[in-house]
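Think of it as A, B, C and D in the order they're written, each chain with its own count starting at 1.
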Amino acid sequence: MLRQHSYWQLFSAVCKKDVQLAFRQRAEIVNPILFFLIVITLFPLAIGPEPGLLARMAPGIIWVAALLSTMLGLDKLFRDDFNDGSLEQLIASSYPLPLTVLGKVVAHWLITGLPLVLMTPLFALLLNLDSQALVATVLTLLLGTPLLSFIGAIGAGLTVGLQKGGILMSLLVLPLYIPVLIFATSAIDTSTMSLDYSGQLAILGAMLVIAIISAPIAISSALKVSVS
Amino acid sequence: MWKWLHPYAKADRAYQLCNTLLPYFAVITVVCMLVGWVWGLAYAPADYQQKDSYRIIFIHVPSAILSMGAYSSMAIAAVIALVWQLRNAELAVIAIAPVGACVTAIALITGAAWGKPMWGAWWVWDARLTSELILLFLYLGVLSLYHAFEDKKAAGRAASILAIVGVINLPIIHFSVEWWNTLHQGATITKFDTKAIDSSMFWPLMVNIVAFAGFVGTVTLMRLKNEILQREKHRPWVRQLLNRG
Amino acid sequence: MLHIKSVTCIKQDRCLFADLNFRLKSGQIMQLAGPNGAGKTSLLRIIAGFSAPDEGQVMWQGESIAKNYDEFARELLFIGHKTGVNNQLSAIENLRFWLQIQGYDTDQELYSLLAKIGLVGLEDVPVRTLSAGQQRRVALIRLWLNDAKLWVLDEPFTALDKAGVAFLQQRFLTHLEQGGAILLTTHQDLTTHFAHLQTVTLEYRH
Amino acid sequence: MQFDSFSDFIAMGGYGFYVWLSFGTCALILLGILVSSLNDTKRIMASVQQQADREARIQQAKQEQQL
């Protein structure tokens, strides 16, 4: 029997499976976006439709909604694989587990993060954002949502073995999201004042690099604990 | 490191070590706590600006320092637990967490009680208070994760992983909150300029810091003993403790 | 090949087994027996490396599996109680995915294999629509698709009909002839005659 | 001593409420965790005792059966 040792094969297989499954049950892709949209609709209803106020609140609203909607998919990230035993097969593979985990996190971002980024122009319209702020929002979401997926996956990995892990997971993960929230909203804020916001983007990028390197290790040790 | 730790990897030896250390910690705590509180409350001079309200510093600052200190020692224990597979270190993580959470809660409450007369509001989104609040969330996360697991072995390791993730994030959170604070409030209101502190206030503060450290140490040791007993319940050496009274 | 060295497992204050020792050589098959709750599955999970023993070691080719797990994983085929078959995917997709994550080539005669095990015509329907026995067969096809030396199987015969059980045991025989080793738990007795069958019985301890 | 009288001490120059609130809750929390830790010790030792007693009873019953 031929054995070919290709990290790319593993990564793409893991990633493709999750994306394929998500496309088969469209709800998984559509629901977070709908949730995001509804949360954004709630804010003008709660604080009033005055355009100036909305534009000022927009970065915060968009980012809080993004945090919450990525949380929706996180609980499912490892749950199905844990329940049907695929996780054990992934651990008992000769490939390094962090790489497998990287594939799953990337898939999660493709399913929940990327659609948000693509839909941003629509949300920006609803919240009266100007084009400068729109560019900033897209950029921060592009850098920030993968970061959310990575950090969130640590919480998901730790709680996947628990019956009611969902609420606990948000408790563990949300405090860790705070830096992302601060720098991302501040970047959008700065852009509305027509100032240079590359500093905030650089920090987000640096955090993303750190997360890509270190989070898969944390996630895989968390998964090993959950499976044991 | 390993050679030195190895004898204490055995649970009964670790238990005995706790027992030997405990009296020292307890004595230091009681003495320093008494001296520190009486000195701070009654003998230290009043601040010329904040008058007597500043006396809250004698518990606010020690608890804030210890909340960070306890978290870092918890993370160190977590690293030892995961790298050297030392189960006693896992238990130490779980022993420290509730103590750290209590100290953090004290720092928050005293901060609020100090903020009311100084700023006119119980809660101000001051950078230090905000990071302290997030620190409390991190502690509570570790605790609730530990208690959510039925299998305590897995629970200890999961809590250790979370503690390490938290300690990596803590500086980032701290930095980001500080940065956010200066961005939104212009000049931050500093409660107390520590450099300008007079020695008549500095020494009682030091005594109180030692007292808090001693307290955290004492209760951690007590809780560590409990955790060891709980885990080793069925071992003969625990039975022998019964006969000894 | 496999050496279980004074392994102890304590679960929730209950000692499942203590100081367990045995060896499994190439060409041998070993059946773990014992009542429910005796710790058979726990032992299999320790041997597969999912959980660490409270004391003792699992040695593979003279080395602790914890030391070089990826090397051990290359030689291991584990099929647990939870089979690792995704319900939403079809049998073919499941197999392809499994081959990929184990690093095998995917260009194989999967259709003829599926036909051989009695799943002809069911290759591309979602697995959730199959019966329990058919789902188990999807997982067990892996036995024909690997070059692992050690097979660790938790209740492989569950939900299988008589023909399926016999067919599986034929596959066991060829694996043993090729120098492999098998460790399994089962409540049914093995019907085929195995020359080197060992039985380890775990007792329920209070 | 910074204060002339005990009532001055309690008043803390008008900030008494805040100062005593802080010190009070601090003492309460510290005592709380101390007491709960001590209680835990007692509870664990009691359960060890219980288990020992249980085993003693089982042993006794076995001996009586043999007689």
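Here is the rule we use: a contact is a pair of C-beta atoms (placed from the backbone, for glycine too) under 8 Å apart; a residue touches a chain by one contact, two chains touch by 3 or more.
What you see is a predicted model; the values in this text were computed from it and never measured.
K.L.:
More contacting C-beta pairs: A-B or A-C?
P.N.:
Between the chain pairs A-C and A-B, A-C carries more contacts.
K.L.:
Let me check something: if the centre of a chain is the mean of its CA atoms, which chain is farthest from subunit A?
P.N.:
Looking at centroid distances, D is the chain farthest away.
K.L.:
Take the average of all CA coordinates in subunit A, do the same for subunit C, and state the distance between these two points in whole angstrom.
P.N.:
36
K.L.:
Compute the distance, rounded to whole Å, between the mean C-alpha positions of subunit A and subunit D.
P.N.:
The separation of the two C-alpha centroids amounts to 44 Å.
K.L.:
Just give me the whole-number Å value for how far the CA centre of subunit A lies from that of subunit B.
P.N.:
A distance of 32 Å separates the two centres.
K.L.:
Cα centroid separation between subunit C and subunit D, in whole Å?
P.N.:
Taking the mean C-alpha position of each chain, the two centres sit 51 Å apart.
K.L.:
Among the residues of subunit A, which ones contact at least 2 other chains?
P.N.:
Each of 228 in subunit A touches at least two other chains.
K.L.:
Which positions in subunit B touch two or more other chains at once?
P.N.:
Each of 151, 233-234 in subunit B touches at least two other chains.
K.L.:
Which positions in subunit C touch two or more other chains at once?
P.N.:
Within subunit C, residues 52 contact more than one other chain.
K.L.:
Which pairs of chains touch one another in this structure?
P.N.:
Taking the chains two at a time, the touching pairs are A-B, A-C, B-C, B-D.
K.L.:
Taking the complex as given, what residues does subunit A use to touch subunit C?
P.N.:
Subunit A reaches subunit C through residues 1-6, 9-10, 13-14, 17, 20-21, 24-25, 80-81, 83-96, 100, 224, 227-228.
K.L.:
Write out the stretch or stretches of subunit B touching subunit C in their complex.
P.N.:
85, 150-152, 233-234
K.L.:
Once bound in the complex, which stretches of subunit D touch subunit B?
P.N.:
Interface residues on subunit D, with respect to subunit B: 1-3, 9, 12-16, 18-19, 21-23, 25-26, 29-30, 32-34, 37-38, 40-41, 44-45, 47-49, 51-52.
K.L.:
For subunit B, which residues count as touching subunit A in their complex?
P.N.:
By the definition above, subunit B touches subunit A via 82, 134, 137-138, 140-141, 144-145, 148-149, 151, 153-154, 157-158, 161-162, 164-166, 168-169, 172-173, 175-177, 179-180, 183.
K.L.:
Would you tell me which residues of subunit C are touching subunit A in their complex?
P.N.:
45, 48-52, 70-71, 73-74, 76, 78, 80-89, 93, 97-98, 100-105, 145-147
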